[in-house]
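Each of the next two complexes has chain A plus one other chain: chain B in the first, chain C in the second.
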Partner chain A sequence: MMADLEMLRPWIFLASGILLTLLISVIRTESKRPAQISALLTVLGTAIFSFKSPPSEAVFLFSGALEVSSLSLFALGGMSVLAAMFILGTGHYLTREKIHISDYYHLLLILVLGGSVLVASRNLLLSFIALEVMSLPAYTLVGFRRNDSRSNEAALKYFILGGAMGAVFLLGSSFIFGATGTLDLSAVFTESKGGTSLLLQLGHLLVVLAFLFKVAAAPLHFWKPDVYEGAPTPVTGIMATIITSASFLGLIRLIHMIDFSSPGTVGYLELMKSALRVAAIASLVVGSSVMITQRSLKRMLAYSSITHTGYLLLGVLGAFDEKVGITSVLVYLLGYCVMSTGAFVLLTLAKAPADTGTELIDLTGLIKRSPFLTFLWTVFFFSMAGMPFTVGFFTKYSVFMASLGGGETVLVILAAICTVVGAYAYLRAIALMTMRDAAPAAGDWEFSPGSQIVAIVAAGFVLFLGIIPNAMIQYLKGIPLIH
Partner chain B sequence: MIDYPLLAFSAFSTIAILGSLMVIFKKNPVASAFALVAVFFSFAGLYALMSAHLVAALQILVYTGAIMVLFVFVIMLLNQDRPVEDFKSSSGIFKLLSGIAVSGFVFALVKVALLARSLTPRGDMTEEKISELGGNVKAIAESLFSDHVLQFEITSFLILAAIVATIALAKRKAHSGRGHS
Partner chain C sequence: MSLLEPWMMLVVSMVIFGIGLLGLLIRKNLLVMLMCVELMLNGVNLSFVAFSKIHHSLDGHLAVLFVMTVAAAESAVGLGLVIALFRTLRTVDSDQIQILRD
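Here is the complex of A and B:
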């Protein structure tokens, strides 16, 4: 039992930090600093604990409900680091927008806890609870911009649609229980070796559908641009990175609760693959074509993240091949999180008037006003477009190769075309910064040391991993998905 | 010879389905709320049929007792005594697509039901095992605090998040009401 508790150290540390942050924010109501520092120390400590001693092999705790493995600890550590970057880099935004800082940090930590348990969960009941623990703070944080009706509308929209999709997940789980008599993923896996009944297929499809909504794969993406635009910018960044990563890793785990390598499931494998193919194609086409028509920078990044969902689904399709595995998805998620963190932290610096949000026009002539910001934006835009020497190039390369390994040639060609279309939007933004004079209506950009440091670190990682990607790929290759 | 459990199952299911349709289609919110009470009661009946007596009792206590009272209370506070008239009509394509999706789903459900033929209980908690463990309450308690203790603990964080979220949103109203923050 003591050994088990030792395995759980990162989670216990995070949970204690959550309670401590709540306590501090109740006692020290007059100052905002203590809650921020407590939250920062909590996520940093959690990251250290989860990266320090990766287990040599996976351990299953709580009757097999929780998996402590290199994958779940990597996810927990990664999410903690991302949360630390957002806590460090976006404090000035919260002060400017008069957001309840202590509640904000408390909810952010609970979100990280939910996301990490979702990745580690091997039980449908625990997955559902973790999904809700992750989503409930997100619904609230989206509505934290007090007097903005768009923020309130986004929160309500996200809450209602998210609640409905939670119900779809539950319906799917109950079908799976009806078909197999268990909610344990390993037991379902064993049960499905002989083939899948129609009830099991229906339940599994519903569960996957709920997660495709969470990652906003088209045609379930309608909430994303509105919610991204209405949410406070740091929260948008947290949704784009932490929630997307947790949902994608949860999605892969739940897809592979069926044993697709056994001959009894060949028919269902084709059905599942074509469903994912449709979602990937729709996300790529909708994301990249609508992205080039946007005037709002935040909406452009929202559609950009829908495109990234499409690329990630290519990696998910490749992962059906046992030899390819989930490495390409992990590589893409890591690269995507680094560049999104940088981009959204930079976006918090825009002092846009609240009624319009940050528009592309605010970027015009930025090179004359702040060459340094222009450089950082260029790095992140280049990386999102997939230019060589940035991490974005290797992430795209790895999902394309994984997908080609799975025999999805047509899909990869289509994705390459969408990359070119998407690159136009990013290059246009860069051109606005460097080649145009500042438009009269262009908004100002704030200066904040914390965000500059975080953006520099993120840009450094984007370039470092883009030039020397081998270490990253080797490290991520050692993280398998355990059935 | 009448199959009483099947008869009760059909009756409760029919009430549940008709009730939930009424929840959606009734324009008076109070009527919708009371249709929901009927749905909750028939669910309790279904649970009792599956020998889950504790769940049936909790269903009535929590849902019909507590949650429905809150529902009706909120309706009273909102003072929405007129039927809602201005439902926006959605576009034809959306209606067509959702119609196809729903009918496809219902078709699949019917197919599954026809294939299953009879209702067989699943899972390792059979009636014999429950009575061996000493009844519903004891069996649930043991399972909750041994096999499912992690789910129990994570749920407490869910409730904590819900409390903080509620206070954060409510506090916001008080602030803007006073005109400063």
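Here is the complex of A and C:
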């Protein structure tokens, strides 16, 4: 039993940190600094604990409900690092928007806890609870600018749709429970060896549907631009990175809970693949075509992340053929999280008036006003467009290769076309910064040491992993999905 | 043979879930939509109990307890958000809340 608790050390540390931060924010209501420091130390400690001693093989705790493996610890560590970057890099935004209160920090930590348990969960009931533990703080964080009606509207939209999709997730779990008599994912895997019943297929589809909503794959993406625009920018960044990665890893886990190698599941495998194919095509086409029409920078990044969902689904489709796919999804998620963190931290520097939000026009003539910001934006835009020598190039390359390995040639050609269309939007933004004079309406950009450092670190990773990707790929290859 | 067969419970649970889903789609009052989400969760709860009865397993009953807890937390957050929205916009009609669009 002691050995079990030993395995859980990162989660226990995180949970204690949440309680400490909550306690501090209750006692020291007038100052937010102690809660901020406590939250930062908590996530850094969690990251150290989870990266320090990755287990050589997976251990299953609580009757097999929680999996402590290299994947779940990598996810926990990664999410903690992302949370640390956002805590470090976005304090000035919260202060400027007058929402810098200590409650922000324990909500953020609870979100990380929910997301990491969602990745580690091997039980549908635990998955549901983790999903809600991740989502409930997210709803409140989205509505954190509570005197701003746009923030309120975004939070409520996210809440109603998220709550309904949570119920759909639960309905699917109940059907799976009805078909197999258990909520344990590995038991479902064993059960489906002899083929799948209609009830099991329906339940599985509903659960996958709920996850596709969480990652905002088209045609379930409609909430994303609105919520991204209405939410405070740091929260948008947290949603784009932590929630997206947790949901994607949970989605892959769920897809693989059916044993698709057994002959009885051939029909269902085809159905599942075509559903994911439709979602991938729709996300790529909608994301990249609507992205080039946007005038708001934040909405453009929202549609950009819908496109990234499409590329990630390519990797998921490749993942049906064993381990190549999951590596490519991990590579993509890592690269995507690094560049999104950088981009959203930079976005918090824009001093846009609250009623319009950050427009693309704010970028005009940025090179004259701040060459350094221009350079950082250019790095992240290049990476998102998939230019060589940035991490975005290798992430796209690896999902394309995985998808080709899965026999999805047409899909990859379509994705390549969408990359070109999307690149136009990013290059247009770069042209606005470098070739135009500042428009009279262009908003100012703040200076903040914390976010500059975070953005520099993110840009450094984008370039480093783009030039020397082998170390990253080798490391991620050592993380298997199924034990 | 008991009076209440599991399939009857399943039919009722699906009807409750359906009413919740339908209400979410057609009603415009945010408070009613919130109640509809709760209705969907309760419909699923009933189906968990029914499947539990079929499989003679306690897992479903256990799930219901957790789902009720989560639903309570969810409605607390939801009501808070509705109140915050009402303070700024003075309405709970979802048709009149359309500031965010393309």
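The rule is simple: the second predicted complex is superposed on the first by the 479 of 483 C-alpha atoms of A that agree within 3 Å, B and C clash if a C-alpha of one lies under 4 Å from a C-alpha of the other, contacts with A are read in each partner's own complex, and residues count from 1 in each chain.
What we mean here is this: a residue touches a chain if its C-beta (ideal position, glycine included) is under 8 Å from a C-beta of that chain, and two chains touch if they have at least 3 such contacts.
Everything numeric in this text was worked out from a predicted model, so none of it was measured.
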Partner chain in contact with A:269 - chain B first, chain C second, else both or neither: neither
Which superposed partner A:202 touches (first chain B, second chain C, both, neither): first
First (chain B), second (chain C), both or neither touched by A:66: first
First, second, both or neither for A:154, with chain B first and chain C second: second
Touched partner set for A:401, first chain B, second chain C, both or neither: neither
Chain B versus chain C as contact partner of A:290, first or second or both or neither: second
Chain B versus chain C as contact partner of A:113, first or second or both or neither: first
First (chain B), second (chain C), both or neither touched by A:178: both
Partner chain(s) touched by A:100 [first = chain B, second = chain C, both, neither]: first
Set of chain A residues, in rising order, touched by both chain B and chain C: 125, 129, 132, 136, 139-140, 143, 146-147, 177-178, 181-182
Chain C-facing residues of chain A, complex: 125, 128-129, 132, 136, 139-140, 143, 146-150, 152-157, 159-160, 163-164, 166-168, 170-171, 173-175, 177-178, 181-183, 225-226, 229-230, 290, 294, 299
Parts of chain A lying in touch with chain B, wherever the complex brings them together: 15, 18, 22, 61-63, 65-66, 98, 100, 103-104, 106-107, 110, 113-114, 117, 123, 125-126, 129-130, 132-133, 136-137, 139-140, 143-144, 146-147, 177-182, 197-199, 202
Contact set on chain B toward chain A in their complex: 108-109, 111-112, 115-116, 122-124, 146-151, 154-155, 157-158, 160-162, 164-165, 167-169, 171-172, 175-176, 181
Touching residues (chain side chain C, partner chain A) in the complex: 17, 20-21, 24, 30, 33-34, 37, 40-41, 43-44, 47-48, 50-51, 54-55, 57, 59-60, 62-63, 66-67, 70, 73-74, 77-78, 80-82, 84-85, 87-89, 97-102
